[in-house]
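First chain written, first letter: the chains are A, B, C and D, and each begins at residue 1.
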Amino acid sequence: MKNKRVANPAEAVSGVFDGATVLIGGFGLGGLPEALLDALCDRKVRGLTIVNNNSGHGETGIGRLIGEGCVAKVICSFPTSKAAYVFKEWFEAGKIEVEVVPQGTLAERIRCGGAGLGGFLTRTGLGTEIAENKKVVAVNGREYLLEQPLRGDFALVEADLVDPRGNLTYRMAARNFNPVMATAADQVLVQANREVGLGDIDPAVVITPGLFVDRYCIVDSVAKTPARAG
Amino acid sequence: MKTSIGYTKEQMAQHVADELQEDWVVNVGIGLPLTILPYVPVDKDIIFHSENGIIGMGPELADPAQGDNDLLSAGKRPVSLIPGASFVNHADSFVVVRGGRLDATILGAYQVAENGDLANWKLPGKRLGSMGGAMDIAVGAKRVLIMMTHVTSDGRPKIVKTLSYPATARNCVTKIFTDRAIISVTQRGLVLERLAPGSSVEDVQAMTEPALIISEKLKSS
Amino acid sequence: MKNKRVANPAEAVSGVFDGATVLIGGFGLGGLPEALLDALCDRKVRGLTIVNNNSGHGETGIGRLIGEGCVAKVICSFPTSKAAYVFKEWFEAGKIEVEVVPQGTLAERIRCGGAGLGGFLTRTGLGTEIAENKKVVAVNGREYLLEQPLRGDFALVEADLVDPRGNLTYRMAARNFNPVMATAADQVLVQANREVGLGDIDPAVVITPGLFVDRYCIVDSVAKTPARAG
Amino acid sequence: MKTSIGYTKEQMAQHVADELQEDWVVNVGIGLPLTILPYVPVDKDIIFHSENGIIGMGPELADPAQGDNDLLSAGKRPVSLIPGASFVNHADSFVVVRGGRLDATILGAYQVAENGDLANWKLPGKRLGSMGGAMDIAVGAKRVLIMMTHVTSDGRPKIVKTLSYPATARNCVTKIFTDRAIISVTQRGLVLERLAPGSSVEDVQAMTEPALIISEKLKSS
């Protein structure tokens, strides 16, 4: 069996290259793979396109990644939260691009990328500026927007349990985008709270089958700082 | 225009909370809509859905310091779960939304047009706005309940003939709850259902761009 | 809380009307809601369109439903298995229609219906007779077939555990089409092996959230006959 | 044409089994492909995928009477699980397939064309055929390995210039394993990689419609 476990976050992200598209799990701070993000900052990669629901929270995680100049473009559904002041500063200075995508469409575009499909039709965004430059397709007399798949060169995922095959579970609502992103990247890099033995996760309880996972490291994030408003 | 008359925030919240029926699946937007939660009786079993994959979200924690980042609402605040809650991934969370499984959503708004068009994500002329899940929810929910002040801070109507703000979704709004009135969006047009204390039909019409149809059952209270 | 529990399979399917489209979970005999199917036969409904991977196994379940004249059309991926001799007889007699759909496209069309989307683009079936009468859409220079959503008036689902909200788990590979179909019908009718109390299913382990479920009855199918070839 | 020469079924199964690499994710079609399973060494860790949502399917049960209907292969036969297996729903099972996560699939065939077109689901002129998951798998798998007899029961080539049978998928086949040869499908054309004992290049070319390119590393054994 392939050894997917690596020693630390630095080794997990060691293959991330300049200009890569990186899917980043999490919703706000829930399920955000912060240790992997810190390791990415430490590598001083440049020109990343990052995909996350938000555009950073304070000067940690995605905020730090942006603040240290690693990011060329953000694809997200909610760029304007108060806590995303680092993004805001870079955006207003014209140093970073943004693509704003409705949250359900964002999740579905990533799933679509993972599922090897070429696109999907949705009514979300019809008659809004989101529809600009998009194809409108009529099916049975109803109009839909054609939305395209979104894949990453890498996905950064925060899981709860991991076994040696890379099977993953998620802790409560830390699940969010993580399992969807884990299907939609060429390399799936995981930080998990805890490793368990082969066969210790009930096959019916696995959320992300190990075949999607390339590397994992153990970082216990359960003892997180309490939630902050934002 | 007298600003001291009309519904209090508490009364608005109560009206919206009263609209929600037992067993409904409901998504509550961040901001003003969140204020309704304390007005939903604990024994009225409503399934609250949160975009980040919580089905059966319970009340916010009284002490956020006791919160857990892995159990946050869409507004990123620590919440609890009701018995029989479940978690789904983000794509599946929007299967619930677009798949027609939300009986209602409560959203804030900048503008609502006569035909039910909604604007609530971006200010005109701004380069950036955030729709989060609002576009999907406005399209997918069976009932889109809007909670907003009747007019802007400088007194202009927010219920308009045609949106001048960027649209969130078209033809989606079901009912509008403001500090001055409750108005239904129907095929025939906007129907004034209820007037706030101290408001007259004429007052409300004056602060509403499209012509209002007066409900036969118009309540004043 | 709404009471979703009904006394028996007959009550669960009592609303199924003539001419309805019925999604039927299961893959072969695994996860097939046989008690619900028997109850449907007993109701002598007519003109059903049924959706399942297969077209019946012997004279039970879907085979019985067809043999007793309840079915006008079958939508499936595998109509020609040896065990589907009842279907074969009815088909050759011109008494039943069939639409054959690639298995992955079938699963995805149902998901698409459940997800409130208008269709999706897939390369499956391109250049085959499956593409006849379907729109071909080019995205970024690649061609795809446009496939349309598939929903049911009813879904018949076999679950393992159910709680009073209708939250469901599935037993091993009995999962298959069941959770997908449970998202894609106006009325979702469930036979579960066992009922547990509210809160007895870990929220992270629920596969089908109860909001999808309309009615459930308890039929312990775990002690099934051993698998038969076919 | 001598029908007694060529690979036995066991040898064919062994060749295909040898093609599979440690840690690959593999989907094995029903029928002839299933015969390879006993030839995969138990210590070669391969993740077998089954369309009905089993990831990490283990061997079939020796005694089917001990089987469980809730744990069947795509061929509806009772199977086991390897440690670290998991279950997914049917839509997610085909996320694996179309999403490019299958390193290889082994499928049977009626015909394979020079350009890699595959026909394996329906006989010409028949009203009905069953593709099951084959169309998705042929499109999605990184390597499509075909296992079939070299010619039909009445001696006609199954490796053809252009399909005369209904297509399963276009340009998808990677390698063909027959009772007479192993042939790769390449951009340049069909490359004869290996000859069965007692077969000559001329024999195999005679029973193959398109012209074969002879590999520089051609093996005869």
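In this text, a contact is a pair of C-beta atoms (placed from the backbone, for glycine too) under 8 Å apart; a residue touches a chain by one contact, two chains touch by 3 or more.
Not measured: the values here are computed from a predicted model.
Peer 1: More contacting C-beta pairs: B-C or A-B?
Peer 2: A-B
Peer 1: Please compute the C-alpha centroid of chain B, do the same for chain D, then give the distance between them in whole Å.
Peer 2: A distance of 56 Å separates the two centres.
Peer 1: Using mean CA coordinates as chain centres, what's the chain A-chain B distance in Å?
Peer 2: Roughly 29 Å, centre to centre.
Peer 1: Need the CA-centroid distance for the pair chain B / chain C, whole Å please.
Peer 2: 36
Peer 1: Rounded to a whole Å, what is the gap between the Cα centroids of chain A and chain C?
Peer 2: Using C-alpha averages as centres, the distance is 33 Å.
Peer 1: Pull out every residue in chain B that's touching 2 or more other chains.
Peer 2: 87-88, 94, 97-98, 140
Peer 1: Give the residues of chain C touching no fewer than two other chains, as numbers and ranges.
Peer 2: Chain C, residues with two or more chain partners: 108, 111, 115-117, 122-123, 170-172, 175, 203-204.
Peer 1: Could you tell me which shape the graph of touching chains takes: line, ring, star, complete or other?
Peer 2: other
Peer 1: What pairs of chains are touching here?
Peer 2: Result of the pairwise touch check is A-B, A-C, A-D, B-C, C-D.
Peer 1: Would you pull the chain C residues touching chain A in the complex into a rising list?
Peer 2: These residues of chain C touch chain A: 108, 112, 115-123, 137, 139-140, 142, 144, 146, 148, 169-172, 175, 203-205.
Peer 1: What does chain B use to touch chain C in their complex?
Peer 2: Per the stated touch rule, the residues are 22-23, 25, 45, 47, 49, 55-56, 81, 83-88, 94-101, 140.
Peer 1: Inside the complex, what are the residues of chain A that reach chain D?
Peer 2: Chain A residues touching chain D: 1-2, 111, 114-117, 163-165, 167, 183-184, 198-199, 201, 203-204, 206, 209-212.
Peer 1: What residues of chain D sit close enough to touch chain C in their complex?
Peer 2: The contact residues of chain D facing chain C are 50-54, 64-72, 76-78, 87-91, 93-94, 97-98, 117, 122, 128-137, 139-140, 166-170.
Peer 1: What residues on chain A touch chain B, complex-wise?
Peer 2: 27-32, 53, 77-81, 91, 98, 100, 102-105, 107-108, 110-111, 122-130, 170-180, 207, 222, 224-230
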